[in-house]
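Structure, as structure tokens:
Each chain carries a letter (A, B, C and D) given by its place in the written order, and its residues are counted from 1.
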């Protein structure tokens, strides 16, 4: 502090957490010749009484983030027998038990999905795989290491339909509206979603598959008057198919496929030649919830 | 719905918003031969009464996201005379006024900073620029279009020091701790931060510069016993230098620079040869706030 | 030029080209209710007599890159009835014909592949799709606009096998070799490849599918003593299955899946718990060619 | 191979190389309290007699890519006293000497540049730094481990000028030209360049600084009739200022800043409000060479 600066003000630590991010872990099940793989990127963050570390530089009883990494790999060996949602609970419970200053935390997962390489018999290869889109996600949060709030999700499911979509009847701002109405357009969206549970535990893998199936089935099953309406219908379908889920959140980008103006070149364009505009895009976010 | 599925459940719309993302806008001030530029990526999202659009596909009085884009460019011409923080307020106020269903919303900015190209006289070029790191950010949120919560920030300020950093005295977990203690290490962090204001309005550009200066001055001015402590000191310095700021949040990654084991090759390594490990990294998040 | 600088040297233009990059184009076939889509990112570059433009700033007879863009969309409407390899030839031929200074050029394509959304009857949806990995690529080059060198490829085919791979018998450098030999490891690779043709034209779509099939069939069908050997076998399989192809080039990264050292924690690790190391990676590049 | 497939054809190995990519290395000079840092990402690839490894899976005398990594760090300690261009030569020479099958190879560097944090005395901090743009690159190639072809470069130097640029007099294609001519536009380019040397060795750091200075000085010093002409002028300036350089290659993207059509909203737009279009972009590539 040099002369002329204001006198030192009193400060305090607010909400905080720390941990390890981008821990890339693969677990291979080798119990039978037909191997199983789980390929995840993990972030673990701890919450608790970390005031002395911040304010005084006192690291007493702090779990090093390097220890967090080691623990993730160690517990993956001893546990992680099921879903990422369950593994997240194992991790948080462990850190709360181990660190006297740790009272809670969260674990976040991004899971890469792999498909067995094709074989003649249709069974898929026993130990060879090819990576797929989209990605599966999960987040487990706890304030005490005993009770957990679990969220699951899907990342970057890129869907498109070439017809049965429109955008009409909206506000015609006298100054700034230039977009013409249409009942025939291409609709494309990179869908990210996450959902919360109405139950304490369930078959998370099975729920994920059901959600994934509902999104793919609902996206094309209706004329879409707006991305918002399709979002809502997808949420409704998920809540119908999955009694385990209490509510679901979508972030859906509207990836604009603009009809390129070919009339200037003496060519007709019946929605056949489109500019896939990377930017900007409409972006819709909403929760769809059970009504009672 | 096919046979065998559960009866249709009742659903409702929860929290939601929509708008336009990744609107890339440059505004050039040409009033004098010494031009000024602002280069921003904008996201605007509106909140309000959008239930009919979601549930019934009724778009009545909805502002199209294409209109949002046009408006951003149009208002940038008429307004945007000052900071992104002020432009965000202009935008949200406009949409609340324009859309009968819009009650609020938020605007987010990522601003690319440019420096004048060097000239012999040290003044910098009048109309030629080179892009810089880090980036400036802002977020403006409002529930009514009249009162605003403003947050400002810095993104990807990558700092490093080659000494005056250590990590000691932490919990030695009997099983999972393998990291040796050290009082001499390289510390590197990609700093992202954001702050809230104690005042209704201020010179946002000037505050940003002061924060930027404090981060650069504080990062190296002490022996760092942990990234957490350095984070806290940076927050303290900012709150001292900027009475306009009520609290500041940091997300600081600990980019590990690992001393490469050269002893295996008969070579000594006095912290000179390091592996810059991209993954995993420690990740610290905390608010530093005024104590009273 | 200021005083003290060396006298002006004579310079000339060397090899050069210009054009438009990242033109994102979708073409939808709507002739029947079962729609077809092609989703490509195109770069077109022209070569020719562009000396005056560079040296004197004389743009006479230069085709604007904006015209290149318009032309890509226009010709996509009139042509692009088949593969990207054929469309590339249409494009280059057009620019050579149109621009008096243009003598040749190249067109590069990255094609996003889409799969029909699943339907109950196994036929796939008539107009709704989900985006897939990997990507298809092509490059068409010509010096005269009449004869063409065509290259096709696959980008980012991420393959992994959990066993039947090793790395033994290599040079044990007395100083710098620390890696132990193994006959049991995980092998993973993000495969990029491209191939040249022995024929003037062929069914490019069909060839691509055969190559894709061969890569997936060959990758797991042997014990792999090295990524190089697997690369070679994949090349051999492709040349066997595709008489249309003269040679094929692979770039295969060796994505290291490191057995995490759990012995430190009293745990056995039989290749089950692995660190998926993002960096560094082995990188192999080779052409596999017909022997006579 | 199953029945019905064509008989096995003879194949052979073509041009090939292998090595390690994305080796992230920092070297810190600690000889005085004023530390120096070099922060590089390295790729090393070896060429030579690798036929047996590919065709027979015989790894005899092959240098493991893990050994390549160890060697990069080890030699960085023993050597790397100067520029990346010289370090590349040390590396390739080493691998040719060490591997009986290795006859040559190449080393590629991407160097992150750091600036000292500001201090009151204008000297910059002794051991604290902030990362800068653009990046410095180099490539060293050799067929024998004794003679080297060195290329140096700059990556992602993002330049912009708000005036003194136009695009006129080009070909007006009767069908596909829609762009109006202009003598007043914004010109922006992300410049990547690389140069070859007329001398066997020189002060590579000093040359790099001179090139960097010339690019920044030349970009704004003229009215630009085209990006091609500015590219050529930048090349001419570099060849004038750097007798060590034989020729220089540029890849310059034309990042279009489109005047947003505000007339539709009753607003005049004198090149003030622009859409920074991310895609597509003009892309120019050219060598500028000494004329005799």
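Rule of thumb we're sticking to: contacts are C-beta pairs under 8 Å (C-beta built on N, C-alpha and C of every residue); 3 or more make two chains touch, one makes a residue touch a chain.
The chain lineup, named per UniProt: A, B, C, D = Uricase.
Keep in mind that what you see is a predicted model, and the values were worked out from it rather than measured.
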item: Touching subunit A and also subunit D, the following chains; value: B, C
item: Counterpart interface for A-B, drawn from A-D, A-C or C-D and sharing over half of its contact pairs; value: C-D
item: Which of B-C and B-D has more C-beta pairs touching across its chains; value: B-D
item: Distance between chain centroids, defined by C-alpha means - subunit B, subunit D (Å); value: 29
item: Inter-chain centre distance, subunit C versus subunit D - centres from mean C-alpha coordinates, in Å; value: 21
item: Geometric centre distance via CA averages, subunit C-subunit B, whole Å; value: 36
item: Contacts with 2+ other chains: residues of subunit B; value: 24, 70, 74, 175-176, 178, 264-265, 277-279
item: Topology of the chain contact graph, where touching chains are joined (line, ring, star, complete, other); value: complete
item: In the complex, subunit B residues that touch subunit A; value: 1, 5-6, 8-24, 43, 45, 50, 53-67, 69-71, 74, 98-99, 167-171, 173, 175-179, 224-226, 228-229, 231-232, 235-236, 239-241, 243, 247, 249, 253-254, 279-292
item: Subunit D - residues contacting subunit A, complex; value: 175-176, 178, 264-266, 277-279
item: Interface residues, subunit A side, partner subunit C - complex; value: 24-30, 35, 37, 39, 70, 73-74, 76-78, 114, 117-118, 125, 127-133, 157-164, 186, 216-217, 219-220, 257, 260, 262, 264-265, 267, 269-278
